[in-house]
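Take this structure, written in structure tokens, and hold onto it; I'll ask about it next.
Labels run A, B, C and D following the written order; every chain starts at residue 1.
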């Protein structure tokens, strides 16, 4: 679960990290009130779950109260990468020239089977860009997942990264960030920029914070922060069914299968057949007819989808249950797009018999995944041309 | 820092331990209100920092509201081992026959250099008694101080101890108790009795909770719970000076020295000389005249003290500073009891010269600790006889 | 023989009395696996379909001399179940559970590795965790400790199979079987970012196994386990290895079902994995059927 | 030679620039100890009375080949300072600080012991922590890494001294010196309940030291370290050991200055300690001067 900047800051503040003052506002009037209260220059920052807000004009320095109001009017309601801005964070502006900007972050790193702490003297840049351009500028340190980051380690990292300022305060902040990350099951925490003022005191100006979805059961107090409207509507619906579903851009073939690996490979096969997958949908192992029915219903709702490719390798999953689910969707009039299926394994013959009974051109079985994918791709592409 | 039952229960509750409902009251009227609110039999329990409240009549089952009021009148104001009861905990009474009482606790155990979890199927008894009488009934398990107690360990301990009930719930409770202990720097946590009802659900009926004084700096939120009036007045005063001071019963010789070991040995030497030490007072290393002055002032206030034995082995501590402090006390009229000193080491000659100048029979230096202790003991014992 | 498990393996099931644990205990028994007991805290002393159930792994292990444990415990208790088995001295632990919090896995994996090192330093057989979020492992025709379909593993073959994906493993095993090659041992290492055993851990076992002639490695996008495997192969492997990478058309930044299947920045891309295998002359199949051709070619088997 | 430290020991001081650190750095230098550098995070690169100051132990160790670190860091950072030194591979770490939270010490001691085991398993020299809340250690006439008065340790002798108490150690050392016996090495193990090194850890070093003829052990009430020492002596020691126990008249349940000096229930009583020493024929002195007589008797030295 991705958190907004203001939410991430709140969590860090709870663990004692020195975070820049700020308040959330939903209207330009509220922004004006906050700016007046602060009585100094502020920054108005769009709170949306996408990167690159700044470049898109979603972050604006506001030297006066009127300017803050004006900027809030521009930013609120703005569309950034398909998401509408409906709230902003108003923070006290900091005189960047009176200090230095750095980067610190902690991510789940499968290569070390733990967290990696990253620190870089070049703050403000996206870490991915930096990693691509000047990887040697980023100091990396494995954090022990049992003990967490210790002060002496934080000091060593700060020294190696070339941070200037009060070494103990900086290390203390990194330790507190690590404590927040471990206690809140973060998969990613970034403080970027980390501002260190002329006195050497660190201050978190912006943050990213993402929590492990598998661990949300122990962070029930944060469930209110989940914003379903920020996700694709079909992803929200899929999560209700418990499907692993990802909407993919520019696709025309709906893809579903049983198991992440087989679905990933199904995407590849559709690509190879000249069409584009419109989604990833794993119905899981041992799915019954109703689950298949729900999956077909979900994929059918996607207007990008012109044909559906179902790829099942039956072990626990029975082919006849898959067939039943698809037939139910057909009977209920939900299924209006061609379904091209490959269902190998258990109860394959029963499935064939059921489909033969229905005998609809919309549902067709193929002996292997390539033929099924090719048929679905052909159907999808010709439906596109027909438009 | 020792916590009251209700405070310990509050901490355990914060970590999710199922704790018996209860409220604190300072007057019999408040007790009546709580009993009425609960609308059932209650137990009125004295909240004082001593063991054996029950035997002393400080814990009373109260089947009716009137009985609760009556018991509160008896208990509030009661003296238990020298401490006045000024508050009680009123808890919902539990039908003990409808379940079983057990013991669980966690203590700092130097022999395993960590915490030891203790569990025993015989609840309600003092663990010290049990440890003396039937040590084999207590199951002991070292808790890793880094990871804390894990559920599987808690289950193993519960099984070995012969706990009957819902194994997972019992283990979960033990894990939560361990989390509270580690997070709150406990040196001792006990849940005794731990009541397990007919459904197998555990409930903490009584608790002991003691926090490491060295770690209080990270539990500032609990400082309000420190009750100075519950300690000996001289111990409170000593803590202001930063002295390690312990008031001892039935003593007549005030003892002070530099270092815990030398003071402990000084107590032994006084004992051997036929008197009784009235206190333990460590002035620490490198003490200046003012510290010695404060120490002498403190010990002089103790009416039990008839003579003072000062035992200094000077390394960092200068003998002349010790002499100066004692002389200051004499000059200010604070010192009215004989001081018998042994000050070996640095600046011994200067100290002798200072004392020769003062030439008071109240202050005498001796070449070794035995002679000084014997003189102090003789003075103290004869002062007692003279009375 | 194969690797890790064989007909002599004695298996306990942690979470046997749950829905998944029960059905797979039956399926393993049908396969021929020696399932000796179950563990369900609170149900110790009871009988489950003829199996004795214990409150703890230690009790079950002591009573039956078990040397493998398979875990079907729900996510919140899964890492604890792993630690219980590891501290009880179980040499091989298979964690099937999907959805375990990543930090729990980090801690469990680190602790299991520390216990493994201590055990080996003291001359013990070590402790190995496979998974989580994995289908388990099977030595064809001998012993299945996992959730894969029995049918495709009934006959012994001579190809070792390692995979991050469950269903693709079955697919590959079926194709190998249909092609007359068959599998020696199949190890599903799991789709999570933090797992107990990686490709590079399993490869040396296959290299040393006299019943394995070649290895099929089924990787996917995300992480750098394939790159680490390629490096190991280049340095240490004499037996042929054939690779397959799924998710080659997945976009960056999107998690493809498996928690670990995500391209983050320039880490985990198919390009990197293909390049790593190319550098050590490991052929990478574009489609699964191609795998069979490549295996046959590597082993000089005529079609 | 003595044990643990000698004239070749190179010592760094963690917390050199603080009040205590500074004064004891000077005193150690006066004693003749090779104090090579200081460590104070944030003051790296500066000079303190001629000593170079570093931000980290790793830097100081690398620059000077230091093999001992003494810590004067305040309680809240003391355990972290221990871990820093231990992870930097410092073989001997002396923690002087009093008042460190017990849980911090539990964690640090456990981790140091794990690092020690790993180091030794890999052929390294291990990692040893002495203290906290201890006066340090000194090999008479050679090297002091502690806070004891210099004067009483200027001349070499042949009696090893181990103690839980600071001042009693000085007292004993003075008496040994005055009696013409003198000390080889003196080790103050500290008065806290959780410490890095116990009596039983030090005894075998003295047993192996050719410059030590007998050992004086100064215990006190609380815990069971004296009992453990007695057991070790009974099983393994050939050299005579003379014991002394302070706090014999202290009441139960009261903490006598040292965090560890407390009789809890039936644990830590003087009776138990006296009985343990009696069982292995270790004489226990009633007063400190008696110690000298007992040592002389054990070594057949005429008064």
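By our rule, a residue touches a chain if its C-beta (ideal position, glycine included) is under 8 Å from a C-beta of that chain, and two chains touch if they have at least 3 such contacts.
Computed from a predicted model, the values in this text were never measured in an experiment.
Student: Which chain's mean C-alpha position is the greatest distance from chain D's?
Tutor: When every chain centre is compared against chain D, the largest gap points to A.
Student: If you tally the C-beta contacts for A-C and for A-D, which one comes out higher?
Tutor: A-C
Student: Measure off the straight-line distance from the CA centroid of chain C to the CA centroid of chain D, and report it in whole Å.
Tutor: 50
Student: For chain A and chain C, let me know how many angstrom lie between their CA-based centres, rounded off.
Tutor: The mean C-alpha positions of chain A and chain C differ by 28 Å.
Student: Please compute the C-alpha centroid of chain A, do the same for chain D, then give the distance between them in whole Å.
Tutor: 55
Student: Using the touch definition from the top, which residues of chain D touch two or more other chains?
Tutor: In chain D, residues 107, 111 touch at least two other chains, as defined above.
Student: Quick check on chain A: which residues sit in contact with 2+ other chains?
Tutor: 146-147
Student: With touch defined as at the start, can you tell me which chain B residues reach chain A in the complex?
Tutor: Residues in contact with chain A: 146-147.
Student: Can you check the complex and tell me which residues of chain D touch chain A?
Tutor: For this pair, the touching residues of chain D are 41-42, 44, 55-58, 77, 80-81, 83-84, 87, 107, 111.
Student: Sort out for me which residues of chain B touch chain D in the complex.
Tutor: Touch list, chain B to chain D: 108, 110-111, 113-115, 127-128, 131-132, 144-146, 182, 185, 187, 212, 214-215, 217-218, 244, 246, 248-249, 257-265, 267-272, 277, 280, 282, 285, 313-316, 344-346, 368, 370.
Student: Of all residues in chain C, which touch chain A in the complex?
Tutor: 75-76, 99-104, 106-107, 109-111, 147-149, 152, 163-171, 174, 191, 193-194, 218, 220-225, 246-251, 254-261, 265-266, 286-289
Student: Quick check on the complex: what are the chain B residues that touch chain C?
Tutor: 147, 150-152, 155-156, 159, 166-168, 171
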